[in-house]
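In what follows, a structure is listed as structure tokens, so that the remarks can point back to it.
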Amino acid sequence: MSCKLAIEDLNLYYGDFHALKSIHMEIQPNEITAFIGPSGCGKSTLLKSLNRMNDLVEGCRITGAVKLDGEDIYHGMDVNLLRKRIGMVFQKPNPFPMSVYDNIAYGPRTHGIRSKAKLDDIVERSLRNAAIWDELKDRLKKSALGLSGGQQQRLCIARALAVEPEVLLMDEPTSALDPISTSKIEDLAVELKKDYTIVMVTHNMQQAARISDKTAFFLLGEVIEYGETESLFSMPKDKRTEDYITGRFG
Amino acid sequence: MTMERTCKPVAAETINKLTFKDKMRAYKRSPLSLILLLLVCGAALITMLTLLYLIVYILVKGIPYITPDLFSFTYTSDNVSLMPALISTVVMTIIALVIALPLGIGAAIYSVEYAKRGNKLVQLVRITTETLSGIPSIVYGLFGYLCFVTALHWGYSLLAGAFTVAIMILPLIMRTTEEALISVPDSFREGSFGLGAGRLRTVFHIVLPSAVPGILSGVILAIGRVVGESAALMYTAGSVAQMPGQAGGGLFDSVRTLSVHMYVLSSEGLHIDKTYATAVVLLVIVIGINALSSFVAKKITKKQG
Amino acid sequence: MRNRLDEQLELLNTELIRMGALCEDGISQAAKVLVTRDEALRRAVDETEQEIDRKEREIEAICLRLLLQQQPVAKDLRLISAAMKMIADMERIGDQASDIAEMVEHIRAEVLPGSLHIAEMARAAVNMVTNSVDSFVRRDMDIARAVEKADDEVDALFNKVKSEIIALIAEKPEEGETCLDLLMVAKYFERIGDHAVNIAEWVVFSLTGEHD
């Protein structure tokens, strides 16, 4: 099976700080890959490098390559098109201050879809895919800011799905949510991996164990261990991984 | 095992509220806090009373002299109508805003959204605007006089006045717009960029709409300054009490705004009553503008949720 | 919600039922071998035993994965820990079935008097296993409790068989070895009954959290 995303010798510096050290990783399609590790280990930084959100950060320098289906995303690829192909869901739900409908339609409109019928279709399909259509179908014209945290986050997932990405990056998507909403998002992620490749950063190791297929453990900007979630959690090869996942870290 | 305890209904007594007696006991223990309480209450009271006195004074002095004649379209030395001044004020304000808004908002968008943090040019612009907003308005007046009236040969004119006040409110609009843009959460921008939207679309569809209430409050302040300005305008727009364009020069006619009108009337000392009446009208206009803009701001925020 | 947990629990459930069914097969086959002495059937018992061992590994893996991935609590946790205990008992049942089938080789058929109650013991033991698995499938406390009672019956039968064998030894001292083998077969059935009781007790535990 060819990999969806290939990270090759990726180094990232914030000024003088070497935040990611020679990362090599292959991310398989239609799988959930989880990044775990203590705060500041670089997992979110790597995630953001995958759709070039770090471009916005000043003093951030990247070397190496990230390839999406073999195409180098840092050379000769339009950033906006890249972000259309690799969508992102953020830690804190961030619906725009507009209606539910306009939130979902924002992405497609950005990419030039104007037809009302088409947009209606996309909005419904995206909300259905995010398993939130039934809850929201009667309040499409209402402001998205009036939704609960869990609904907002699923709306943000729907918004990301609306531009038909291939890869979905999730940066601690449930850390701001209650357990029930978390559980819904986890189910959703497992459902979505049939059609998308999902890369998820999580602080919650149990979450990684519950839903991911592959897990990568990060420490101080390095990937310590990367492999099948089940074997990483039952028989970690590296002592540091074991210490971290058994809570004996540091 | 679940813990269960039978709960006998007791007489419902609120236990988390301080009674007056409790408070007095607390103050007895620390008299300083009582003194401070009295001081801040006093400060609030004095502020409120001063404002109230001012408004009531103006209303009492002015309302009896508001007559239909006051709103006649022509000004004569017998009937010191405020209508020409009112219209001139509106036109002046609109022109000043038309000049200052795009410039101020544009500059703010550049410095917040486009320029890199620590950009030297932006820092320079910020220092300049801060300095400008501290300059007394008479200085603007002199500048306007030298630049627009004399050097550009516009003479005392509505346009020279409008340009002068436009320069005056530019820093204000830029600063408030900057603040409003900065207060838009970065998560909105990230969300937009994350969907593949470019900077232009992000700024105009996500950031600016969210910043409108803030920008609007800047605009209100700016309008307030234009409406209340007198010194700078006397040097640039002159003080001819006529409708804009009445003398045939279009925007190059000299006009007087309400504030200048009041100043002239009171310095002539012939129509003090009418001055108060004019003040009432000015007060009503300012309150009206405030109410309208806060209404608009509320409408916009409501639409956004 | 928690679709994945539910899916995996469902899988655990069906696998446990399958393993239970295999145990029933094993004992019935062993009991039949005792009577028919059919060589093919004897081999079938061995195969069943191996199948049971494989199932045990499989279910163990499912349980470990559930514990690892889903961090189950409350009834889910009880079910999984009960399952891990149950499969140990089931595996022993499989072993004993195959032991019985092996014993048969050493027992000369002509010695077996028709009056012996071993066949009844076999039936009773199979019944207990069937019922214990049934109590799990239906999450039924009453059936589980009934299994615990049925053990007394098997114990009584064992005592009866024991005295019969003593009588047989007194009658034909030269068949002493066969008689002892017969006693062991009876003992195996009695043990199978005990394992069935264990299974029933774990069912009760998974339902109530109490284990006695």
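Going by the order they are written in, the chains are A, B and C; count residues from 1 in each one.
Rule of thumb we're sticking to: a contact is a pair of C-beta atoms (placed from the backbone, for glycine too) under 8 Å apart; a residue touches a chain by one contact, two chains touch by 3 or more.
Which protein is which chain? UniProt says C = Phosphate-specific transport system accessory protein PhoU.
Since this is a predicted model, take the numbers as computed values, not measurements.
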item: Minimal step count in the chain contact network, chain B to chain C; value: 2
item: Chain whose Cα mean lies nearest the overall Cα mean; value: A
item: Chain pair, most C-beta pairs within the contact cut-off; value: A-B
item: Chain B and chain C, separation of their C-alpha mean positions in angstrom; value: 88
item: Chain centre separation in whole Å, for chain B relative to chain A (CA means); value: 44
item: Between chain C and chain A, distance of the C-alpha-averaged centres to the nearest whole Å; value: 50
item: Residue numbers on chain A that touch chain B, as the complex places them; value: 51, 53, 56, 58, 80-84, 87-88, 90, 92, 94-98, 106-107, 110-111, 142-146, 156, 159-160, 163
item: Contact footprint of chain A on chain C as seen in their complex; value: 1-4, 64-65, 68-71
item: Of chain B, residues touching chain A in the complex; value: 116-117, 185, 187-188, 190-198, 201, 205-206, 209-210, 303-305
item: Contact footprint of chain C on chain A as seen in their complex; value: 180, 183-184, 186-187, 190-191, 206, 209-211, 229-230, 233-234
